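Labels run A, B and C following the written order; every chain starts at residue 1.
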Amino acid sequence: MTTLLKVNNLKTHFFTHTGVVKAVDGVSFHIDESEIVAVVGESGCGKSVSQLSIMQLVSTPPGKIVDGTVEFEGRDILRLDPKGKEMRGIRGGKISMIFQEPMTSLNPLLTIHRQLTEAMEVHLDLDRSQIHDRAIELLDMVGISDTDKRIHDYPHQFSGGMRQRIMIAMALSCNPRIIIADEPTTALDVTTQAQLLELMSDLVSKFKASLIIVTHNLGIVARYARRIYVMYAGRVIESGTAKEIFGSPKHPYTRGLLNCVPRLDTKDETRLVPIAGSIPNLVNMKPNCAFYSRCQHRVEECKREYWPVLRHITGLHHVSCHAC
Amino acid sequence: MSEVMSTTEDSPEESATFGKTVLFLKVFFGRKVVLFGAIVAFCIVLAAIFAPLLAPYNPYNPDYSLPPLQHPSSAHLLGTDALGRDTFSRILYGARTSLLVSIGAITVASVIGMTLGMVAGYFGGPVQAVIMRFFDAIMVFPMIVLAMCIAALLGGGLKNVVIAIGIGMSAVYARMMCAQVLSIKESEYVTACRVIGAGNLRIMFRHILPNAFPPLIVLMTIQMGSAILAEAGLSFLGIGIEPPEAAWGNMVKDGYQYLQTNPLLSFAPGIAIMLVVLAFNMIGDGLRDTLDPRLRGKI
Amino acid sequence: MYFPLKRGLLRKKEADIKAVDGVNFRIKKGETLGLVGESGSGKTTTGKCILRLHKPTEGKITFNGKEIASLRERDMKPLRPGMSMIFQDPYSSLDPRQKAGAIVGEPLIIHRLVRNRKEYRDRVEELFRLVNLDPRMIDRVPHEFSGGQRQRVGIARALAGEPSLLICDEPVSALDVSIQAQVINLLKDLREKMKGLSYLFIAHDLSVVRHISHRIAVMYLGRIVEVLDQDTLYDNPLHPYTRALLSAVPVPDPFIEEKRERIALKGEIPSVLNSPSGCSFHPRCPLAKRECRQKPPDMRLVGKDHEVACHLV
């Protein structure tokens, strides 16, 4: 498999009144062709900002991409003008995004038809009737019935799950190479969530696209992702295949996360093991490991040294920790 | 238990509240326009308070040593009016009247408007319908026309002007309060209060009122200017502050007859009105921006 | 609980929204009953009816032997300390302008549970310690706390009246994963410490509900479709909806996930406004028969503490 997108040492900082927030601080990852990768972490770990940075969608000011490269199709797309023609060709064309809140990602004043065809008119070389046919076909594919009629409806006439299906259709409309789904099902019910994730993983393989799922839900990750990046306080702290990470988690944070969620399949009255403390405030952070204060396995080095770089363990498994 | 200890290590700095105030002021005064507005307003308030010390002449006694309608000179900074009274001194005393009227009117307006708006929003249904229709009826009339009617009914004088403007302005407060309450009463902390058995009065005044307040403060600040303008308008029309009391409105009106020969008689109080309205508007704008929820995370 | 649906200028009543329709359950002393369902299933409305935040249209609620469904607010007040609630969102459930101590102590003042300032202060500090919060944080305002700490302030407030029933409405779903366990463990500890404290634990996350509840009631469109205990839920769920719900929840383990059976449901949960005839689950049920379309199934006892409302079981 060849590498499709490679992010190198990405740094996105926010400059606020209270200080610098290093939301993404030296994140590197890659995604191969036709692969499903998950970026996991809790709120404020920089998982969303890192994805928005790829698309150059971070609002500036206060945000700024300070450093790093994003290699896609043989060039560094961070060097492109964010408002320029080339970047627009990538955004929504070659790389598309699905957001958490389907209500706010659709324009309430325009029909589904208008919103679905808009991107295709910009990115694809098709005439109007071809675009219309494709729009209908896409809606069929994402499981919306009565497409001929419903395509002229407005977003509020659809339920949350249906709206997210429409978002998926829009994301697929221009034959993207990569789809970035940022907490795509968090706002939805569990049964709808399961339906949509099945749909997404089917369609992605049909379209031969790659999928980046950004989520905090470890269950979803275990079910769908081939590889995983675990993020904490703006960095990737552990990465590897799903089986490597769930099978033998190395970083104390990853282990903590796995031990603190109640599982459906555990029978005995096991007590959950919470991770002590709370998520650190990212303003003016110290340069050592941000997990230090919550870590059960910390050693002297963790306090003295800089945050360690990712170290290779076995296969694709990497971890960033002094103590393990 | 490790959880117990966790609570202290991630605590924000000790002086969080103090730092918050400082930051608020920093953001607030960070904008030059707001700083300018604040300085102007501060000067006018000082001038009003210390008018007796600052005024070179008694504002009500004519200067018999010179003929009336003096042009500006070293003796009379802004000249004298048709009765020979010093314009500069009258403007300083006028600031007192203007600020007094506007503070009074805003107080009347916000007490009436906020109380009724709160009741309307909290109880909803027919109560809301009746109260808000009443304020809609008030709003049908332009504020100045309404104030004119009330002033004509009650007669002139400081107290009645305050009441007239206050009632005229109350509808805006009622509407804003009602809207605020409607959204706040649905919040979970209000439900939580009902769960623990808190009564209506407690919920309204302990919980809803403090949370509904910030946008109303902005409104009050901006309306300080409007109230002064309204007072000036009423006085100009002759149904406001009665002569010989110095008020900017009736000074403009008095000077109006001499616009050709002594334009400063009208222009000086006119500019004072403009400055004070502008100043309060700027402060209000600044407050609104600083209290903006999008900024709240950073403050 | 029916909500009248009113439309038009004259607010004519057009229909009833049957948010909760014929729900029966009992919670024993010291027991935790989990109530699971998706949005619109009426689980929150059920909780609010018990607390009399809504007046139920019909039916009885018996609390400690006393019928409360028809009580007036004035008569309800003395019972309020006995039942309390924990909310989903720790950000919106605390008054942002009140200090934490005042929030926790408010029930004490409302119900005059303390005699003087000293006693008040002591009791508030005791409540802080009970939920593992440092009593030195009494003078802080909510935004100075983290999400998990705020939720604990909310729990302390709920415990101030020494309740015997605590309604927990999605108490952990707004919290970060690493914080959820702290709150779940706290709730389990409190149950141990305060003998006889019962929970109605409302949530959509089956794994959390199963972890904390002794028995679980599954709701769908305003009705309870199955009541079963913790172990039966995973081993032998009978209602097709319970099974689908269970299979929709992924387990954080790729090795198990590879082998698990996945039941995909058709369509989406319908609106309560046009709830289907017969068994309300039939349009989405993979096993639906004609009978299911015609008459709603009754709850039947199928095992120890196991009731199910389905024609096919």
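One rule holds in what follows: a residue touches a chain if its C-beta (ideal position, glycine included) is under 8 Å from a C-beta of that chain, and two chains touch if they have at least 3 such contacts.
Note that the structure is a prediction, hence the values are computed from the model and not measured.
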Centre to centre, using CA atoms, which chain is the farthest one from chain A? B
Ranked by contacting C-beta pairs, which pair of chains comes out on top? A-C
Averaging only over C-alpha atoms, locate the centres of chain B and chain C and give their separation in whole Å. 48
Distance in whole angstrom between the CA centres of chain A and chain C is 31
Touching at least two other chains at once: which residues of chain A meet that condition? 274, 278
Considering chain C alone, which of its residues make contact with at least two other chains? 146, 149, 182, 185
Mind pulling the chain B residues that touch 2 or more other chains? 3, 6, 10, 12
Can you check the complex and tell me which residues of chain C touch chain A? 38-39, 146-149, 176-182, 184-185, 188, 204-208, 210-212, 231, 234, 244-257, 262, 264-265, 268-269
Using the touch rule from the top, collect the residues of chain A that touch chain B in their complex. 16-18, 274, 276-278, 280-281, 293-294
Could you list, by residue number, the parts of chain B that touch chain C in their complex? 1, 3-4, 6-8, 10-12, 16-17, 187-189, 191-199, 202, 207, 210-211
Parts of chain B lying in touch with chain A, wherever the complex brings them together: 2-3, 5-6, 9-10, 12, 23, 26-27, 298-299
Residue numbers on chain C that touch chain B, as the complex places them: 51, 53, 76-77, 80-81, 84-85, 87-89, 92-98, 106-107, 110-111, 132-134, 137, 140-141, 144, 146, 149, 154, 157-158, 160-161, 182, 185-186
